[in-house]
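In the two complexes that follow, chain A is the common piece, with chain B as its partner first and chain C second.
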Partner chain A sequence: MSNRFWQQAFAIARRDLDRERRSGEVAWVTIPFGAIALLLVPLAVGINQDVLTRIGVGMLFVVVMLFGVLTAVRRTNIETPAQRDAIALLGIDPVAEYVGKSMATALLLLAFEIVMGAVTVALYGLDLAGWEWMLIVMPLTAVGLAELGTLSGAIASSVNAGPALVPLLVTPLAIPLLLGATQTVEVKAGDGGNLSWLVLMAIVVLVLAIVGVVTARPLQETR
Partner chain B sequence: MPDLKPHVEFIGVAARIGVTTILRNVDLTVSAGESVGLFGSNGAGKTTLLRVIATLLRPTGGEAQVLGVDLASQDRFSIRSRLGLIGHSPALYPELSLVANLEFSARVAGAAESAAHDALRAVGLEQAANRRAGEASHGMQRRVEFAREIMLQPDLLLLDEPHSALDPSAIELVEHIVAGVLERGGAVVLVSHDIERVAPMVTRTAELAGGTVK
Partner chain C sequence: MTDATRRSPAWLDVLAVVSVVAALGFALASPRVESQGDAARMLFIHVPTIWLAYLAFGVTFLASIVYLATKTLKWDLVAGSSAELGVVFTILAIFGGAIWGKATWNVYWTWDARLTLTAVMLFIYIGYLALRRAIADPEARARRSAVLGILGLVQLIPVHFSVTWWRTLHQTNTFRPRDIQMDGPILAALLVSVAAFTVVYAALLRHRIRLAELELAALEAAAATDGPVAGDAVSPPTIGSTGAAE
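Take a look at the complex of A and B:
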């Protein structure tokens, strides 16, 4: 891929991060929302340490997935037809646009995962056995959800379905990521199962990347 | 050797949006150095015609060439960076400053970021460079869009109702930009419902009615 490609991809990522920074939506709306969601669960199921320990990691990634859906919906909402036309007429490579949007969303998701991870440990009293896998699991989840969200947003725009379609696309397709993330961390060390789940996640991320790249041009043309 | 093909050459072009035929049998030729004004009432197909020329809407019939490229071919994507379009709605990002909007366009288009400040100066907005686009008036946003075209220097500039939301000094600016494109050997197509206002900036006019050029 050429320098121009990466120049365009980084320009898109920087734009999206600048927009998020100035709107403050992640910092002031989504992170507090995620923290409240994590707080509600102990209130709902009762403060039973065994239960909380058992469901902690799963709850973390459910909240991360919901945030991924929210981000994808927002992405679909915030770009007007005039803005999409202007981008196309700048001569952007649609693949660079897909990569750039996914990079920005992945970084936001990763930041969200780290904060929510800390909140989960604090609220659910989790021990950190197996959490070394988070160093791989969190980036993989962030990239996978970001690719899925970007792809779903592009599909929703192309069929003029609006953001309502996005959760329907993202949620079921995020299940392998959700399962992979939870199981990788929860399978006891030495079982060897961690790696299988990790491979599943990596395959999902790779497939989403390929689908995103292959469909970028047709989706740009039909929206 | 100079490119002798017209910048726009449409023969019997048709276009649909959904199941509705908007353009039918459109013949239009725009050569280098020409500024063509297309006039018509609401619903005549003016905006749709601009979108077809801009490669944003594929024609469903006829032969359409823009900047020497057949719009039915995949090559149409290659000319997009040589086209400029200023439509009805501002295409700026409201959270970003005026200059940040232009810098983003420069980065994507491969132009120097420093050109953004020069372009803002050219449209008289250097003092408002750091104002958020969402807090700028509609007229200021339109000026920024014209600044983008000054910065990117398209070979074919497409203007949809260029006088909308502009004060008299800005209208002079538009005339200056149109003249600049023509001097560089480019071409301009502008559409409007008001023939008198755009007359000073066109070399030729045509009427669009019922989805076809009369």
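Take a look at the complex of A and C:
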């Protein structure tokens, strides 16, 4: 891919991050909303430390999946028809647009995961054994969810029920990421299971990248 | 009258009815399984329904690829129609499995890998159908749902292999060509049942595609009609008049 392609991708990513910095939608709405969800769970299932320790990692990634979708479909990520026309007329490569939007969303999701991880450790009293895998799992989850969110956002753009439709499209398809993330961290170190779950996540991320790149142009033509 | 309305798929309908009657005969005549009693006959419904769910979603996947390659709207109609049937057969498979599960495991639902992933697969294609309903323009609907139709198949692979990857409650795959552990009459009844359900799928798919073609034709006819539009009642002011628009 040429320099021009990456310039366009980084320009799109920078624009999305600037819009987020100005609006603070993820920082001031999605992150507190996710933290409240993590606070509600112990109230619902009972404040039993053993139970909380057992479900902590799973709850973290459930919140990341469900509330991460909100990051992917944030208001600042949805373009008006006029903005889409402008991007098309400027000659921005649709693939560069997909890559740029995914990069920006992945960075925001990674920040969201880090904050939610800290909240989970604090509220659920988690033992950090096995959490070194988080250094790979969190970026992979963020990239996979971002690709899926960007793709679904493009599929559902300009559709009346779009904002309601995207979570329905993203959540079932994100199941392999959820399984991979929780199992990688929870499988006991040394039995080799972690790596196979990581491979599953990597394959999902790769497939989503390929589908996103291949379908970027046909999807842009329908917007 | 359009091409779609002139077609007569009656021979396929007759074949579907005949094959279902034959399958029913084979299923009722198959020997009773001592360990499960008559509940074991659910095999002849459960296996064909899940097979047809796979087949229907596989057809959606292939038709989506062909649509994106050729941009022929007919393939989008095939993909959408097949996905609808796939959802119906998945629901039937889940309900049939629940009834069989109650008889053999004493529970309607268990957190088994195959069951859970089949439910996830169902929701993916419910999302696919919801997307199709949300877009009115046929071209936009076709392209966008084609992408989702391709993505959906990614989930089909873990669903099928889940019983091998995670050894949980659900039995392993029924059809293993190199290791068939089934009595001859039961296997024959199962194969007849699978064939009969497949003919039913083909007949239903043909009807659904025909209906989709009629819907499309009606939409195009409505768009081509020069009906009244907003603003028709307003006439421009005449130059040189006394001021009021005529």
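Points to keep in mind about this one:
Keep this in mind: the second predicted complex is superposed on the first by the 216 of 223 C-alpha atoms of A that agree within 3 Å, B and C clash if a C-alpha of one lies under 4 Å from a C-alpha of the other, contacts with A are read in each partner's own complex, and residues count from 1 in each chain.
The rule is simple: a contact is a pair of C-beta atoms (placed from the backbone, for glycine too) under 8 Å apart; a residue touches a chain by one contact, two chains touch by 3 or more.
Keep in mind that what you see is a predicted model, and the values were worked out from it rather than measured.
In the superposition on chain A, A:Arg19 makes contact with chain B only, not with chain C.
Of the two partner chains placed around the shared chain by superposition, chain C is the only one that A:Leu151 touches, whereas chain B remains out of contact. Within the superposed three-chain model, A:Pro172 lies in touch with chain C and out of touch with chain B [touch as defined at top]. Comparing the two interfaces of chain A, the one with chain B and the one with chain C have residues 221 in common. Within the complex, the chain A residues that touch chain B are 4, 7-8, 10-12, 14-15, 18-19, 22-23, 80-83, 85-92, 217, 221.
Listing the residues of chain B that touch chain A in their complex gives 51, 54-56, 58, 77, 80-81, 83-85, 87-93, 95-96, 100, 104-105, 107-110, 132, 152.
Of all residues in chain A, those touching chain C in their complex are 151, 155-156, 159-162, 165, 168-169, 171-173, 175-176, 204, 207-208, 211, 215, 218-219, 221-222. Looking at the complex, you find that chain C touches chain A at residues 68, 117, 120-121, 123-124, 126-127, 130-131, 134-135, 137, 139-140, 143-148, 150-152, 154-155, 158.
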